[in-house]
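Got a structure for you, questions after.
Chains here go by letter, A, B, C, D and E, matching the order in which they are written, and residues are numbered from 1 within each.
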Amino acid sequence: MSRATRTALVRDDRTLYEAVAGTAVGLSGVAFVVGLTALLGLVGIDDPVAGVGLSVALGALLLALGASVVGFGMASRFGFVDAAPQPSAGIVAAVAFTAIWGAVGAAASGAAGVGTGGRLALGAVLGGTAFAATAFPREDVGSTAPAGALAVLCGLSLLTGLIAPGWERALDGYNATLFGDTVVPAVVLFASLVTGWSAAKAYGGFGARGRNVGAYVLIYLVVGSILAVLVGLVAFVAAKGLPGLFNGFSLGGSGLVSWPFLTSGAGLTAEVAGVFPALLGTIWLVAGAVLFAVPTGVGAAVFLSEYAEQGRFTGAVEVATNGLWSTPSIVFGLFGAAFLIPRFGNQKSLIAGMLTLGFMLLPLVLITSREAILAVPDEYRDASAALGVSKWQTVRSVVLPAAIPGVTTGVILGVGRIAGETAPILLTMGGGVLPAKSAAPDVLGSFRLSASPPFVSNPSLLEATSALPYQLYALITAGLSGNIQNPQEYAWGLALTLLLVVLAFYAVGIATRYYFRRKLHQ
Amino acid sequence: MANRTDGQGVSTTAGETVEETRPEWTSYEAGGETKFAVDDLDVHYGDDHALKGVSMDIPERSVTALIGPSGCGKSTFLRCLNRMNDRIRAASVDGTVELDGEDVYQDGVDLVELRKRVGMVFQSPNPFPKSIRENVSYGPRKHGDIETGLLARLTGRAEPDREEALVERSLERAALWEEVSDRLDDNALGLSGGQQQRLCIARCLAVDPEVILMDEPASALDPIATSKIEDLIEDLAQDYTVVVVTHSMQQAARVSDQTAVFLTGGELVEYDDTEKIFENPESQRVEDYISGKFG
Amino acid sequence: SGNGGDDDDGGSEESGNTMSSGSSGPSTVTAEGSSTVYPISNKGSSYWNSNSPASDGEYWGSNDESSVAGWDQIETDMNIADYFASLYGFEPSGERSNPPFATRVALSHSGTGCEAVRDGLVDIGNSSGPITAELDISEDERDENYVDHVVGRDGQPVFVSQAIYDAGVEQLTGDQIRGIYQGDITNWSEVGGPDQEIYVVGRAEGSGTDTSFRLNMLGDADAPMDVDTRLGQNQQVQQVLQDNDNAIGYMALAFSGSGIQAIAIDFEGTVYRPDPDAENTIFDSEYPLNRDLHMYTRIDEETPEGTDKREAAFLNMFLTEFGQKTFVEDVNYITLPTSDIEAEREKLPDQA
Amino acid sequence: MPFNTSQTGWRARIERRLTGAREFVDDTDPEALAVVTASMGALLTAFIGFLLASPWTAVPFGAFLLVTGYGWARHQALVARAISLAMTTVTLLTLGLIVVFIFAESIPAFRYETASVFGVSVPGAGMFTQARWDAVSDPVRYSLLPMIHGTVMVTTIATLVAAPLGVAAALFIAEIAPPRVRELVKPGIEILAGIPSIVYGFIGFTVINPWASGAFDLNGGSTYLFVGMVVGLMALPTVVSVAEDALTSVPDVMKDGSLALGATDWQSMTSITLPAAFSGVSAAVLLGVGRAIGETMAATVMLAGVPRISDPLVNVFYGYETLTSLIARGYGSANGVHESALFAAGVVLFVTVLCLSIGSQYIEARMRRRLGGAE
Amino acid sequence: MANRTDGQGVSTTAGETVEETRPEWTSYEAGGETKFAVDDLDVHYGDDHALKGVSMDIPERSVTALIGPSGCGKSTFLRCLNRMNDRIRAASVDGTVELDGEDVYQDGVDLVELRKRVGMVFQSPNPFPKSIRENVSYGPRKHGDIETGLLARLTGRAEPDREEALVERSLERAALWEEVSDRLDDNALGLSGGQQQRLCIARCLAVDPEVILMDEPASALDPIATSKIEDLIEDLAQDYTVVVVTHSMQQAARVSDQTAVFLTGGELVEYDDTEKIFENPESQRVEDYISGKFG
C-alpha cells in the first residue's frame, strides 16, 4: 500500500519566487510600521519622501504590493511555480473578504453621496463579488486576487490624491469628521496587513503550509504591536515623568542621596514639591491590606485544601472567591463606604482604605495560596503520614514550606494590583491633593491607650490620608494648579512614581516566580 | 516472530473457562511468628471492587513479595496494612487486618501510633525538600523524641548529640552514610534517585518501625541503584518485617522469602515460598503470568 | 463644630474638640469643600502649617528687602501660626513647620463641604454657594445650626475658548447664555461667532459654582440645564476650556488663565466687563453672578457660639488686612470691604 | 416517593453529622475544646460588636487574641484548624456583607424608582423603563439606562480589542513563540496588567482626549471609542493569561498526535488545540469582559460625565457616562436617594460581573471535565 | 531467596569491568530493502547525552522491536525517525537518519511531508475529542485529500463517499471496523482504551504512511486489548515498515522480526534477528538483561 508517487522530502525550485514573496511580506511590514508611526503623529503624512509626499509614496508602495500579490497568485495558477494550493481559499477567508469589500463598497458609495439603499446595494454587489472571487477559484487565486485588488484600490486612491493629506469628510449625524491625517495611515495599516498575509501565503506555497505562514505573519504582527504599545506606554510615562522625579535629585552631600521628590511633601516651604505623604500612604495602605488579607487568605486556603471535605462547601467557597476576584473595584469601594466608614469614625480614613483593599486582595491570596498548596505533591503528605506524623504537623512542616514560593509570588502580584487601585480608596480614604510633609501618616507613633472603650486608638489610622493613585486622580480633577512651580512636571513625576512602584512589585513577583522555578528544576 | 502464543488457554481469553481460585493455594504458613494476619479483606473504591476476600498471614522478619499485573490490587493491599488507604476518600475496607493480634481497623486505633510501627517506602523516592539531616530526623522530631527547637535549646532540653547519633545510625542502616556523611546539610533533592530512595528508607528507619512496606521501591531507579536497594531489603529482613510490591518477577525471585501473586480483579491467587511459586506454581494462571504469556 | 479626628472606632460618639485630647495637644483643624474657596483656604492652611518666623519676610513678617502686606498692623516677633493662635490663648511652639495645631483642607465641592460640616466630619465647611441652597434648608435652620464666615467674594465670570473670543464673541447677553445652557442655542453662529458647535461645559452638580450659576443665571437652584460635560472642579474646567476651541464654561475668578477668555455679559442693558477698571465690572456686587465665599462652622452643644478657639484663630487670619491681601486678592478674588471684615470678626469668639 | 427518600436522605445526613460531631467531641481533649470554643466565641462577639459599631468591640477582640495565643501554645493542631475555618468563613462573609450592604443602601433608590409594569408596580423598574437621570431639576429621575448604554458601548469596544488580540497573543505564547521570546513576552504582557488604571486615565485625559478632539473635530474629546480601546488594552492581560492557561492545559499528546499525522502547526492549533480549549478561551474572554465592565478610573477621567444616551445609539464619538464612572464621580457629593441610586448602579455592576464570573467558571469546569475524560 | 545473583560479573556492578560494545553486534543486515539507515546518531537533551552514536538499518515491511531498560533512549531514538524530537526544545540531534536514501535532518526538509510518510502511534491512546469518523479522516482532510467543508459542498467538490470509503478501509485495517461501524459519529473518547489505541492506528493508516512508529503502544492496555494490538502489528508488517518500542521482552519476542537492545547510557548494544537476540545474544549484558538479572 506504499504510495505510488512519493512526494519529495525537500522542496526546491521555488527560491526566486520565495525571495520575491518574502520581499513583499517585508515591504508590507514596513508599510505597516510607517502607517503606525504616521497614525501616532510621529511622522506627517505629507512629509516628503523621494520628492513626493509620504502619502503618495505609500500609495505607490501599496499599488506595487497589490500588483505583486496578484502576480504571485497568477504565477502559481498557471504553473510557473511549484505550489500546493488547495481547491479553495476556504470559508473563513471568503467571509472576511466579503465583509471587507462590502464595507469598501458601502463607504465608497457613501462618499459618492448615494443614499442608504445605494450603499447597501453597492456593498452587497462588491461583497458578493469578493465572496465568489475568494471561494470559487483555486486557493492561489482566491487568496490573492481579492487581497491584491484591495491593495491596488487603496494604493490608487492615495496615489491619485483621492484620499490625501488635506482630505476631510464629515460623518453625518455622528458629530465627527474624518481627516486625511488619520484616514491615510489607517488605510495603509489595513491594506498592508492584507497584502502581508496574502504574500506570506504565497511565500509558503499556499495550501496547508501557506496558511501556516500567513497566520504566523498576522500573529507576529499582533504580538509585536501589543509589545510596542507596552514599551511605548512605559517609555512615554518615563520620558514625561523623569524630569519631575529627579527634580532636585543629587548624589553626595550629607545624606548620600538627596531625592526631594520622594522625601518631601508639597508644602509651602518645601524647596522641591514632592510626593512623600502619598508614597508613605501607599506603603501603609499596602501594609495594612497585606496584614489583613495574607493570614486570612492563607488560613482559608489551608482549611479548604487540607481540612474541608471536597464537596459542596468548598465548591461554594470557590465560586465565591472567584466572584470576589472579578468584582469591580468600585463595588469594593461602595462596600467600604457603606460598611467600614460608619464603623471607623464616620469619615474617610486610612484604616477603611486598608481594609477595603484587604478585602480586594483576599480572594487573590486565597486563590493563589490554594493553587500553591494543591500543587504540593501528595507524596510529601503521604510520606509524612506514613511516618506517623499528624495532619497539622504535616501542614506546618511540609506543606506550607513547600507552598511558600507560590504564595509569595501570588501575594506580590496581588499587592502590585491593589497598590495601583484608585476607585476603592477614592470612596474610602480620600486625602489631600497636594499634602505637605506633615500630612504623612505616622501610624506607629500614634497609638494611644485610654481608659474608656475602645481603650486603644490611633488617630493617624482614622484620618484621611493620600496615596499615590488617589493623588494622581485628585490632580487630574483639581487641574494642575496650586502652589508648586511646575504642576505638569509634578503630575507626570507622580504618575511615573506610581508606575514604578507598581511595576516594581510586578517585577519582583515575576522574578520570584522564576527564581523558585529555577530552584525547583535545578 | 518467536515465542508467539495465540492467547488461547485458560488464562488469557476472557469470559471463557476461567480457572477458579482454590483456598488451599493461599493458605501457606511460613515458619516463625505471624506479624500480620489478614482475613477476608475486601476493598472498594466507590463501586470498584479492588480487593476480593484476601486472606494471608505475613511472617515476621522476612521479605514477602507481592506480584501481579498492573491494577490487580497490590498497592491497595499494601496500603491496607498501615491504613494509608484511609487517605483515599473513596476507599472502603472490610475484613480484618491484625498486627500482632490486634485489629488495626477497630475503633479507636491511633493511626499515628500504627504508622510509627508500620513504616512505608513509596514507588518514587519522595524526600522532603529539606536537608538530608532534617529528612532523617523529621519523624523523631515530630514525635517529640528529639527536641531541637529554639525553646528546647534555651531550656537545655535539646540533645544535638542524640540527634546526630540517630541520623548516623539510620543512614548507616540504609547503606547511605558513606555517601552523604560529609553533606548532611545539603538539600535532599540534590541526591540521585537511588540515594533518595535509600534516604527515604533511612527516614523510615529513624522512626524505628517494626514493619516496612515498600511499594515498587526500585521501579524508578537504574539497575545499579536497584541492586543496592535489593541488597538492602535482604539485609533489613534480619530485623524488620518487610513487605514489598514489585512489578518485576525477577526482583521478587531475587529478594523475597515468600511471594503472593495477585491477578486482575483483585484476587490473591497463590501465596507460597518464592521458590515454589516461580518453579512450580499450582495455578495455571500464575504459571502463565510468570512465564510471560501475559502482563 | 465638628470633631477633630481623634475619634474611636465606635463612631457613635462625637467628641467636641477644644484642647481635649490629652497629650497630643489641640487637634488639627479640618476643612473640606468648595474648589472655589480652596485656593484661599489652602493657601491660608499652607501658611499656617509652615509657621514661618517673623524674620521670613516672604511669607510672614519682614526682612531687609520686603515685608508682607498688612504687616504694619501686626508687628509681632512671633511665627505666623503662633501669633494667630496666641490670640486665642494657645501656647506658641516657636518652631518653623510646627504650628500650635495643624490645619488641613480637603478639596471637593461646596455640597460635600456643607454636608461634611453638617455631619460633624470636619470643623469648617467651605462653600461658594449659600448653605441654604446646598443643603436645601431654610434660613432659620441655617441661623440655628451654622455660623457663616464670609472670607471673600467671587465675580464668577463666564469664559470661552480663546479661538471663540478671537472670532469675535467677546460679549453675550444673559438670555444668550441661558439659551446656551438650556440647550436652545447650540451653534456659535447663533450668537455671532463662527459656524461651530458649542461645547457647553458645566460644573459638577452639588458644586457651589453650579448652584450659584443656576441660582443667579438660570433663576433657580434646581433649574434644568443641558450641558455637554460636567467636571469636578474649577481647575478641570479651566483645562478643558484650554484643550478645546469651541467651549464655554463658568468658573471662579481665580481660575482665569492663558488660552481662555472671560467675556462681558449684558444683563438687561448693563454690560458687565471682566476688566476691573470698566464702568460696570464683574467685580461689582451688583453683577448678578457675584457671590460670597463662605466658611461654615457648626453650632452644637459644645460650641454654642458655633466657633471654637482653634477655628476662630484660623479664621481670624483671613479677616486681617494681611489675610485679605495674601489669601484673597493674590489668588484673584475680591477682598471684603473693611466694614464687612469688622462684621465678620464680630462673629468670632472673644480673643484671649 | 422521591420526596420521601430525599427527606430520609436529609435526616440520615444530619444524623451522620451529629454523630460525627459527638465522636469528635468525645475524642478531643476537653481543655482544647474549651479553648477553641472560647476563642471562636470571642471572635464571633467581636464581629457582632463591629457590626453594631460598638466601642466595646476591642474587648472581645483582645480576648480572642489572648485565648488564641494560649491555645496556639498548648493545642496548636485544633486551634489552627479552628482559625483556618474562621478565615474561610471570613471569605464567604465578605461576599455576603458586600451583597447585604450594597443592596441595603440601594433600596431607597429602587423604592423611589418604582414604576408599574403591566399594571404591577415594580420597585426599581423606573430605572430601566425611562431614560432620564437628573438628580437636581424637576422631575428628579434616576434612570440607569444612559449609564448601561455607556457601559455596553465601552465594553463592546474593549472586547473587540481585547478578545482577538488576547487570543492571538495567548496562542503565540502557548504554541508559537520560541522559548527565549516567550520568556520575554509573557512577563511583558503580565506587566501590562500592572499599569495602574489611573495612569491610563491620566494619559487618556491629557493626551488622547485632546488629540481625539482635534483629529476627529469632535465636540469635546470624550469618546466611547477611545475609552473602549484603553479599557480593552487594560482587559487584554486578563484574556491573555487565562486563555494561555487553557491552551497549555490541552495535553501535549493531543497536539503531538496531530503533528505526527503531518498536520501543520496552524492546523493543529485551529483544529485541535483551540477547539479543545474552547471553553477555557471563552471563559478568558468572559473574564476580560468582566474586567472591562468594572473598569472605573480611565472611564471616569476620560468621559464627559453627563448621563445621556448618544444619538445615534452606536455613535462611538460621544462619551458620556458608564456605571462605574457615575459612582466614582458622584460618590461623596451625592446624598439621600441620589446616593442610594449610585449604590443601585453598584448593584447592577456587581450582579452582572458575578454572573459573568459564575458563567466562566461553569464553562471552565465543563472543559476540565471534558479534557479529564480524554486522558 | 531464590535465583539470587549477587550482582557480580561484567554487567551490573558499576565502575568495574564493564563489557565494551562491539560494532559487529549491531551491524546486522536484514533481508529486503533498507527503509531507514541511521548512522552515528547522537542526541543530547541539554547536557544529558541520551543517545550515543547509534547506527542501524531498519528493513522495509517488517517489525523491528526496540527494547531496553527505562531511560535508555528507546523513545528518543524512535522520535528521531520522524523528527518529533524537534518539539522538545532541549533536544539536539547529530548524525544522519536516511529515509529511502534521503537525509531527514538536512536543511529544507518539509516536516509535514516527512510525518505524512512516517506515522506514529503513542504510548497512551490519544484520540482527538471529536467523532470517530473525524478522527480517522483528520489527516486526509488536513492534507486536502478529502474536502468536506461547506464551500466544498457548495461547489460540489465534496466527496462524502470517498471519505466514507477511506474511513471504512482504515478502520478495517486497524481491526476496529466491526466494533464501531454503527457509531462512527460518536465521540472517540467514549471508546475503551484498546479501541482508542486501534483508532489511533487507523487514524495513522488513513494518511497512508510508509512507516509506522509505535512507542509502547500496548503499555496502557489490558491483556486482551494488548493481544489484539499485537496481532495487528504482525498484520501491518505485510504492507508497512513497523518500528515498535516495548518494555515487555515477551511482547518483543512475540511480534518482532528483528530486535535492537539499548542499554542504559543510550547505547545500542545489540541488534539482530529476534530469535537470535532472545536465544543466544552475543553480549553478556544483553543476556543478563533478557534473563532478568536486572531491569
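One rule holds for everything that comes next: a residue touches a chain if its C-beta (ideal position, glycine included) is under 8 Å from a C-beta of that chain, and two chains touch if they have at least 3 such contacts.
Keep in mind it's a predicted model, so treat the numbers as computed, not measured.
Any chain that touches chain A and also touches chain B is listed here: E. Contact with chain A and chain E alike is made by B, D.
Summarising the inter-chain layout, the chain whose CA centre lies farthest from the centre of chain E is C.
Per-pair counts of C-beta contacts peak for the chains A-D. Centres computed as Cα averages put chain B at a distance of 85 Å from chain C. Between chain D and chain E, the centres computed from C-alpha atoms are 49 Å apart. Residues of chain A in contact with at least two other chains: 175, 208-209, 342-343, 390, 393, 453-454, 476-477. Contact with two or more other chains is made by residues 112-114, 116, 142-143 of chain E. Residue positions of chain C touching 2 or more other chains: 8-11, 197, 231-232. Counting only pairs that meet the touch rule, the chains in contact are A-B, A-C, A-D, A-E, B-E, C-D, D-E. Chain A meets chain E in the complex at residues 1-3, 6-12, 84, 86-88, 90-91, 94, 135-136, 207-209. By the touch criterion given at the top, residues 175, 267-269, 342-347, 351, 430-434, 436, 438-439, 448, 453-454, 457, 459, 462-464, 474, 476-483 of chain A touch chain C in their complex. Residue ranges of chain A in contact with chain D, taken from their complex: 41, 170-171, 173-179, 181-182, 208-209, 211-212, 215-216, 218-220, 222-223, 226-227, 229-230, 233-234, 236-237, 295-297, 299-300, 302-304, 306-308, 316-335, 337-339, 342-343, 359, 362-363, 366, 390-393, 395-396, 413, 416-417, 419-423, 426-427, 452-456, 469, 472-473, 476-477, 491, 495, 498-499, 502-503, 505-507, 510. For chain E in complex with chain D, the residues that touch the partner chain are 82, 84, 87, 89, 112-116, 119-120, 122, 124, 126-130, 138-139, 142-143, 189, 200, 203-204, 207. Of all the residues in chain E, the ones that touch chain A in their complex are 99-100, 102, 104, 106, 108-110, 112-114, 116-117, 142-144, 147, 149-152, 154-155, 157, 208, 210, 239-240.
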